[in-house]
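Next, two complexes with chain A in common: one pairs it with chain B, the other with chain C.
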Partner chain A sequence: MQYLEMLPFLLILLPLCICFVMPMFARWKSEVCPYLALGATVLALIMSVMLTVQVAGGELLSYAAGGWLPPWGIEIFIDELAAMMLLLLCGTCLFVLLFSYRSLPKEIPPPAAGWYYTLFVLTLAAMMGMTVTNDLFNLYVMVEIVAIGSCGLVVAKGERLSTEASLRYLMLSTLGSGFLLFAIAFLYQVTGNLNYPYVATELLRVGEDYPFLMWATMSFFTVGLGVKAALFPMHIWLPDAHSSAPSPSSAVLSGLVVKVYIVAQLRIYFEVFGFDVFHETYMRYLILFLAALAMLGGSLFAFVQLDLKRRLAYSTVAQIGYIFLGFGLGTVWGIKIALLHIIIHAFMKICLFLSAGAVYYQTGRKKVTHFSGLGYQMPVTMAAFTIASLSMVGIPLFGGFITKYGLALGSLEADNPYFVVLIVLSGLLNAAYYFPIIWQAYFTSGAEMKFFMDKVPVTMLIPIAIMALGVIYMGIFPGSILEFLERYVLRYLL
Partner chain B sequence: MELSRLLVNYPYFISMILFCLGCLAILTQHNLIKKVIGINIMETGIFLFFIAVGNIQGGVAPIYDPALPEGVLYINPLPSVLVLTGIVVSFSVTAFALAIIVKLYYFYGTIYAPEIIRLR
Partner chain C sequence: MCFHRCETFNNAGLQQVGTEGVVLLEDYITKVVFRYVLLFILLYAFYVILHGHLSPGGGFAGGIVLGMGILLYFLLFGFEWKAKLRRLPMDVAIVFIGLGGMLEAIKFLLPYEKGPVGMPGTLFSVGIITVVNVGIGLLVASTILSIFYLLVEEE
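Let's look at the complex of A and B:
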């Protein structure tokens, strides 16, 4: 049973190995690449299900790479948060791959398709690595792989706008990586360790002697990962990059890539520094402030956009604000809801971006003002779009309601009633920019009340439908996931 | 006493200055190639910081040699290894950024950022 112990390591290694051979196929037999990528994702999904079953049984998995035990070697550590993120990453990436199989030939030049799948699997593997690693420097390496991979996913379209957007994305995310690496250097200087638990114990001992350094390190981490996670004033690269990318990559970038940076940030705040430092360095108030700005600013910017994908991209900025608001509240409940929102927002945003891709596939329309009558021409796609939008606005029975309600309760619990007003205001703004699209699609006068089936391949409809069902499932049965996450939160926050 | 501590730890200051210069170059330079140079300056500053953390005055390279006298100090090898990895990462980012800039030059015929925004 030696192989079963190596599972956390194989989970990252096998997709990386497949990426390594894929360029060869991309060069000579590029029709094989989608199947290879699908195979790698299915393999990763099976392994992460096995790991999650073990973690759900109450066992935390740790693997020391190469047999070098933690203070020296790289440790891979899987707890409830990592298990949940692994399931989310592999599961959603599987459906996005299924979608991209038919939609990609319309969006990117055919010779690039093989490379696109290579970058996709590379990004997926590095994202999984980021969530499971327990080593600061390994985190940095994985962050850089995700940065390069996701820039590649944007630039694959080969157009003017996407090239320019990906350069801006690359510049700013390299700036962020620089801050991250400097923060890691500070921590290494003070503690002499790179492994999370060891750094944490050492910081408890010596942290009080270096108050200024702690503050500097904390803010370097916040800026470094905040740029990548598109926290509000640092979001300027996001709308261009996410809206000019091919639709499957926008779905992955908006739904998953920004989230893994948030998870990494959460781990560093609570596992490495501990909640007290988070509180004492005033980082908590900064994050609350920026989250409030993001919730309002992102929604306002989204409101004035006319391009559908740009509107969705700005909406991501606002939703990132919700997640950070949950962290900033700093209560068990708040963090739990923020983690739940990571999952729900991934489902919603992937559903919305894939529907936008399907609309573009069938009709070539991109503007939000050109949606009239689409509800009858593409009933399945628009139904999924409607479900995800209602969830974004926060209508009961859908996933978004749970987190909005939860965050409102959490801010009342933490004696911050102003945030309830902000949440309601942001929800109203969401309604103001999603409902006109739906209204147009179903109720414009002159449209014939006659349903046609979508003229979109069924491999593109299935992912959209499953994401929409996921949103509804989360809205009705969030309990088991919340319980699973609570075990993680309680371990670090007591 | 404070000043002497500052003087002894001068590599940290130089690394911080390099880091700030690099950031400034990335954010304010209009020429895209200069932005890439800024990335490299920034990363060099960080690598200098790592090396300075690992170094010991009068230490030797961490290779065991029986000819060396007893009690000689070896420098910490781990930061050097981290820097090696960091150099590879920064090299690949630089290569990727330059490739994108070449592509932008094909599209717009210029690598001057305001001009590109104007042409868009």
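Let's look at the complex of A and C:
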């Protein structure tokens, strides 16, 4: 029973331990590393399923590391949001690892493979740590680990472009970490606490005495985490980094890494500061404005890209705008839909990036203009790609429709009808840059109209297919997840 | 102190490094002084490492000093080293990361009441902490050395 109580902590510690040991294997027995990484992820998945079952039963789990109780020690706290993020992170990472088992040897130099898996598990463990931690400084440490790990995932390709992109990513995310550290130091100075609930209660008492400090802290958090989450004007590192990385790591970076920063930002806005401060410091309007810019700007930039992965990366910028739009609306419904969009976008984007990787694996094509006839040569991959693109555009029956519809309803509910126009416009732009690819793949005249099965290993096809099925599942049965998330949102927004 | 560019590694048989690759200290005074200073550097490094639980410093700071001492030695006499010896720090660092990570993980799982408690002011009274500090020191020193070799040899 004692070990069951430690489960929230073991969840982070065991993958971390495995990735401490993995360099030894990477150095002397490199072929073991994929299995070790897969084992770590499966272990984490099992543990997070157990935790989610407990949380779904209405129990919030908390663990104080080393027996130091919350105001002093590090507290691990698992609520509905954390449980959902844990399931998402472990589940999708498992499939991405399965994909990378066969695709990596084609994308990165062989000696780097063992180190790649080490960094992958490190990033996964730190992302899980970021979602479950209840301590500001522990959050900062985990943010740093994720930054280092994800830069490593980008640079693993060893090409000139990816090195340059990774260096830019490293610099900008270090800048973001600096802002984050400043903000945490300010909060600690004012409240004397680092634990979220304690900081929140202290801020209620003393927050009004320091109006400018609250503004400074709030904007430092927005910029610091916004750079890492690629909120629109601060997104400049994202397209390079995500398009020049190997495709499994671009899937993880685009689908998961930017999302955990958003979750951390949400926790700080609504758990630490509370909605009133978020509203009164005008940070809410800033977020709404930037989200609107992101939805339009990201889509417009994506429209002019010819490289497929670059187009997908800019599309991520636009989709992050949707998530921030939900937060900015500030209603229960808006935040719920934004959290749902985190899941759905993770499924869609991972599916798209993995399909791009599979296309590159079989044909070596990277440009969006070279997709003619691929619907016949790679039916499974292109079917999944089509499903994910339709979902991106917001066709009913697919996941993206639920969030677009939900955000439109939410903005009407919050008396901001202009955003409905923006959402429709952004959806049309999405259609404008996804449909030509699908059209080429299926309906180009002159291409050979003969079905072949994909000449891609099964371990690469299964993850793509499962991600596509996940998108459809989210589009038809989003209710249970929304109810699960509503419990989290209602606790902080009443 | 003067810096010369000179041919290195060619006699070590590792790989052909061009004449413009490495900058070494070729100075008689530096060499002679260094022979006497090295012992003190190492002594101070181990002092800082072993007193980690009593005074400022500890595994990391002591490890940096240790690594710098050995790095200075490499800058002066490194071209005489065998290729295998030059790769050793990387292996040491990797092994110590694995072992040290495990040890640190246990620290988080044990309740703090069960942690080692020593006598204040006594050097060898805290059990595992001294061992961990020495491990961290060796890890940091070998990490510095391996970073230096990776940059120099562009492996």
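The criterion applied here is as follows: the second predicted complex is superposed on the first by the 494 of 494 C-alpha atoms of A that agree within 3 Å, B and C clash if a C-alpha of one lies under 4 Å from a C-alpha of the other, contacts with A are read in each partner's own complex, and residues count from 1 in each chain.
Here is the rule we go by: contacts are C-beta pairs under 8 Å (C-beta built on N, C-alpha and C of every residue); 3 or more make two chains touch, one makes a residue touch a chain.
Predicted model only: the values in this text are computed from it and were never measured.
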Touched partner set for A:Gly66, first chain B, second chain C, both or neither: second
Comparing the two partners chain B and chain C, which touches a greater set of residues in chain A: B
Which superposed partner A:Val21 touches (first chain B, second chain C, both, neither): second
Contacts of A:Leu170 with chain B and chain C, given as first, second, both or neither: first
Which of chain B and chain C A:Leu87 touches, first, second, both or neither: neither
Touching partner for A:Val141 - first (chain B), second (chain C), both, neither: first
Touching partner for A:Leu181 - first (chain B), second (chain C), both, neither: first
Touching both chain B and chain C, residues of chain A: none
Contact set on chain A toward chain C in their complex: 6, 9-10, 13, 16-17, 20-21, 23-24, 27, 65-68
Residues on chain A engaged by chain B in the complex (per definition of touch): 137, 140-141, 144, 147-148, 151-152, 155, 160-161, 163-164, 166-167, 170-171, 174-175, 177-178, 181-182, 185, 188-189
Of all residues in chain C, those that touch chain A in their complex: 90-91, 94-95, 97-98, 100-102, 105, 107-113, 115
Chain B residues within the chain A interface of the complex: 19, 22-23, 26-27, 32, 35, 39, 42-43, 46, 49-50, 53, 79, 82, 85-86, 89, 92-93, 96-97, 100-101, 103-104, 107-108, 116, 120
